[in-house]
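Below, each structure is written out as structure tokens.
First chain A sits with chain B, and in the next complex the same chain sits with chain C.
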Partner chain A sequence: MSKHRNKLWYLLFVLPLFIIFATVVLIPFFIGIFYSFFEWDGFSANPMVYVGLDNYIELIDDGRFVNSAWLTLEFTILSLVLVNVLGLGFALLVTSAFKSANFARTMFFMPNLIGGLILGYIWQFIFSDGFRIIGDLTGNEEVFRNWLTDRDLAMYALVIVFSWQMAGYMMIIYIAGIQSIPGEVMEAAEIDGANYWQRLKNIVMPLLMPALTISLFLTLSFSFKIYDVNLSLTAGGPANSTELLAMHIYNEIFGYNNYGYGQAKAIIFFIVIAAITLVQVYMTKKREVEM
Partner chain B sequence: MKLNKLFFTLFVAAMLVLAACGGDNGDDAESGVNEDGEVEQISVFQSKVEISEPLEELAEMYEEETGIEVDVWGTTGDDYLSQLQVRLNSNQGPSILTVQNVQVADQLDSYLYDLSDMSLADDIAPEMGLEYEDRLVGLPYGIEGFGLVYNKDLVDPEDITDYESFVQALQDFEDEGINGLTLSQEAYFLIGHISNYPFSLQDDYMGFIDQLNDGEVAMSETEEFQEFGQFMEAIREHTVNPLDVNYDRQVGDFVNGETAMIHQGNWVVSMLNDYDLDFEVGLMPFPLDGNDRQIVGVGGNWGVNGNKDQAEIDAAIDFLEWLHNSDVGQEYMVDEFNHVPGFTHIDADGLDPLAQEVLDASNSGDTIPWAHNYYPADIVPNDLAPATEEFFLDDSMSGEEFIERLDEVWEGATR
Partner chain C sequence: MRLFKKYLKEILLVVGALVFLSPVYIMLVNSFKSRSELYENVLALPETLTFEHYIRAMDRMNFGLAFFNSLVITIISVVIIVILSSMTAWMLVRRDNTLSRILFMTFIATMLIPFQTIMMPLIQFMDQIMSTTGLPMLNTRSGLIFMHVGFNASLAVFLYHGFIKSIPVSLEESAEIDGANKFTVFWKIIFPILKPITVTVIILNVIQIWNDYLLPSLVLTDQSLRTIPLATFYFFGEFTIQWNQAMAGLVLTIIPVVIFYAFAQKHIIKGIGEGAVK
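What follows is the complex of A and B.
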């Protein structure tokens, strides 16, 4: 009797969430797979033509798609490193006992509270007008010019804004990890004569592996899927040099009205992200140590 | 047992709430028709920022007069079609929509209602109605023209008549520290409009575009395009980089007198009116290949969504008739929208100077047509703009190479 009842309670709590998850994630996902086998312009009154796997075959030769994939990879690697180095650095800084640690913690986290779109527009102003003014004033026009009209610098601008936004968030996760390290272990190491660097390398880092797993996973998936900052900061320009995959897929579907073809790209995109993040979680999980 | 009952009630309640949330999926979820078949509300979704405020005022007047609520939805323009698509697909489409051109009419074909029977149809200025497969599917917003909008204190149109004099003028302005001509970074202002001229100067621009789509001709092998490449090279050499300039700054610098000419259309007047201009403005033809004819066309068309109840379609048509036939509607169209009416029965007195030039040109009949309405759909933002950005970023790319690049992306877009 009681077992039966437990099951029902379980259902009661899970079902509403499951229904929401299904309507906004699962069902659209399967509909998306279905659409990817059709040639269709996205207007429900216009005909859908079944083309089998043609959409998938076609995208192998799609230079713009491949190029966009490489750009996304470049962006992800750069921001993965920068976000986590900064996040870990901030975390170590604010957990060491210095006076305004709490204030610093708030400040580092603040950018994350601003939405990506607004953030992009703010930085668009800094990188274009702001940098131009600094360049005029200091005469250092090699560095301080409009970064958003330079094909390489525009990508770095995107990485900087994304890191500025995400580093604070990762900092929180690292702080939680650092604070869960028992004080006696650190104290014992200190009495044994380990210096700061040795403690960091041999005690803090191994015990931080669970936090690292989470942080890497989040940064990987966030930066692969980035759209909002991309849209508001560069809108894919100049000359498509920052058109990352999420934006490329949007443009394929709504810009070119190739609904089915764009869906096929989205499915491939999903498979790649899933594969990469799963491999990453598996690898870092293996290095986690138990106390 | 008791708990079980409680649980069951809760569960049913939860399911009912969820079901109610999802139960609104009837065929016309957003229909403005009430149970008696009377229309209470129609909606207008349009793409011109400049006219959204006066249009809302008109909608209020219409509601006072007839009791029918007119809901005006706006958007910033560039993404109009994708927003329209989302609304149409979720059965929340507007009753009156904007059809930019014949390419869009092709996509929206299954939605567009045939307006041929409207009394207004006979009043449309010659060639200005949007027809698709022998049906009238759009009423013109208004006739528009673009070209070199110039500061009359700085520029004498007599001086700029062909390539040599154009380059000479840009050079002179550069020496004086004034910007000769500014484009701006938005896709249509960067390349969309200015790319019209070499097409429009062809004897049969539609035929030319068809051939281009089929790969039978190349822009790089056509004389007008070769010269257009040289024009673009001169613009890059003698003026500020348009990628650093947005629409606001382009107009702002023009108002300040820092820029002598901007490539814009008569719609720019609504923005110039926000400032106290201390000079007069004029609109002159772009002198490609010695061209001295204004380029005029229709920037958008009112279409009616045929997938609605007949009552709502009729109400939408009534509103369009009122908009074009009532005194206040006509007054707003000319004075507030700053539109050159595309109808013969509307008096266009007191137009602003740019619109007046468009109207004069249109009446004289000696004009060249807008070719970009016949470009493959969305090719300007998708393909031509990125290629043009490349050109403006890379000083080593010659005008000839630029035109070859345009050929390439055109082929890519029409594969």
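What follows is the complex of A and C.
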């Protein structure tokens, strides 16, 4: 009787959430794998044609897809460097004994709370008309012109906005890392005559490696998945030069109505993201054991 | 000299932080300028303070309604996420059997799936549910809330699960011997203890749901249901851009975020840290 009742309680507590979760995440995920083997334009009146692995084979030779993957890689590498240099720099600044450290931390983190879509629009103004007007005023038209209509500069603009958004986030992780360094170690080094750079290089950086690993992989997976900023800042332009993978998949499915083919790209996208994340988890766990 | 150097560093940090936020300054000053004033100098302070562009932007974005929609959708979603995820996580920890472990692993594993992989089949599936059962899954606030709960369940269960593992069972056991049922035990004894992690769950979900653009854009088609990110998107798409008005619109969308940040700064920074490291 009591065992029966316990089972009932279990279901009552677990089932509601699991049903919602399964309906929204699990089942669509499997339906998605299924769709990726079909050719379909998304209209329920039109037939779905089974094509086996053709969608997956086709995308190897898909110039737009491969190009988008390379652009995403370029964007990711640039962001990885800029976000983490800024994040670590900010963290070192605000953990030094400054009176205004709290104020600075608040300011550095602020952009992260504003949604990516809104951030992109703010910067759209700055990089287009804002820069043009500054260029007219200062005469420095080499730098201050519309970045968003230039193929290379548009990519850099995207990197800058994304870094502006994410640097504060990574700063938080680095701060936690810095604060976990025992004060005595730093004091001892100072007494022994180590200067700031020596302490940074020989004590802080090695002890920050776990935080660095986390930040690098988080930046990696965030930048791989970037969509909102991409949409509002450049919308993939000019001439697809900033159409990163997430946007490319969206356009393939909903723009070109290639539901099956686009879904195959989405599955590949999942595999890449999952691989990145799993490597991160593995490395973090391994390091924890070593420490 | 040392003192001077110390103050200099201090000032540099403040100036650095302000330069970092200069885009916010540019947005703010230009939201008050006339067209000609804006094209004269984007960096200068406005000559007069007129709220003309704000009134126009509010009207065009239907800001009041969008704010209401965002607020309702965010609050209800987060309340449901907190209630259901904490209950689920508690059972999964306390009934540590094979089923619980499989369920927990399923929740965690799906965190690897990017939204783009699910979006199309999700909408198809919701459409099917709607046409077979008549449940209002698409183009309704309740449908969107349902999906927000589903997408954010994993992280919430994960955070609660980790926290609950550290709570001793003895408290609950004595209450159960006294005849209290599971429901009472959970809400009277366990849930209050979960407060620190509940704050984290609330913060992370509020930020995520409030700012979400892609999911609502796929689910909601009615103009009257638009959330703030959606209203902003259409505001920028429908009209040829008048930057002063556009900047006023963006300032409006940021005000709620700034207020939230001002009141919950400590919790937000702590919550973000916890959410990221786990």
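FYI, the second predicted complex is superposed on the first by the 249 of 291 C-alpha atoms of A that agree within 3 Å, B and C clash if a C-alpha of one lies under 4 Å from a C-alpha of the other, contacts with A are read in each partner's own complex, and residues count from 1 in each chain.
Everything that follows uses one rule, which is that a residue touches a chain if its C-beta (ideal position, glycine included) is under 8 Å from a C-beta of that chain, and two chains touch if they have at least 3 such contacts.
Bear in mind that the values here come from a model prediction, so they are computed numbers and not experimental data.
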Check whether A:146 is in contact with chain B, with chain C, with both or with neither, and answer first, second, both or neither. first
Quick one: is A:57 in contact with chain B, with chain C, with both, or with neither? Answer first, second, both or neither. neither
In the three-chain superposition, say which chain, chain B or chain C, touches more residues of chain A. C
Check whether A:232 is in contact with chain B, with chain C, with both or with neither, and answer first, second, both or neither. second
Touching A:16, do we find chain B (first), chain C (second), both, or neither? both
Tell me the contact category for A:49 with respect to chain B and chain C: first, second, both or neither. neither
In the overlay, answer first, second, both or neither for which of chain B and chain C A:85 touches. neither
After the superposition on A, what does A:66 contact: first (chain B), second (chain C), both or neither? neither
After lining up the shared chain so the two structures overlap, which partner does A:262 touch, if you call chain B first and chain C second: first, second, both or neither? second
Of the two partner chains, chain B (first) and chain C (second), which one does A:126 touch, if any: first, second, both, or neither? second
Which parts of chain A are in contact with chain B and also with chain C? 9, 12, 16, 23, 254
Chain C contact footprint on chain A (complex, rising order): 6, 9-10, 12-14, 16-18, 20-21, 23-29, 31-32, 34-35, 93, 98-101, 103-118, 121-123, 125-126, 129-130, 133-134, 137, 164, 169, 172-173, 175-176, 214, 218, 225, 227-228, 231-232, 246, 249-250, 253-254, 259, 262-263, 266-267, 269-270, 273-274, 277-278
Looking at the complex, which residues from chain C come into contact with chain A? 9-10, 13-14, 16-18, 20-21, 23-24, 26-27, 30, 38-39, 41-43, 84-85, 87-88, 90-92, 95, 103, 106-107, 110-122, 124-125, 129, 146-147, 149-151, 153-154, 157, 181-183, 186, 207, 210-214, 229, 232-233, 236, 243, 246-247, 250, 253-254, 257, 260-261, 265, 268-269, 272-273, 276-277
Within their complex, chain A touches chain B through residues 5, 8-9, 11-12, 15-16, 19, 23, 41-46, 128, 132, 146, 149-151, 237-240, 251, 254-257
What residues of chain B sit close enough to touch chain A in their complex? 3-4, 7, 10-11, 14, 18, 22, 79, 81-82, 85, 88-89, 107-111, 241, 243-244, 307, 377-378, 381-382, 386-387, 389-390, 393, 413
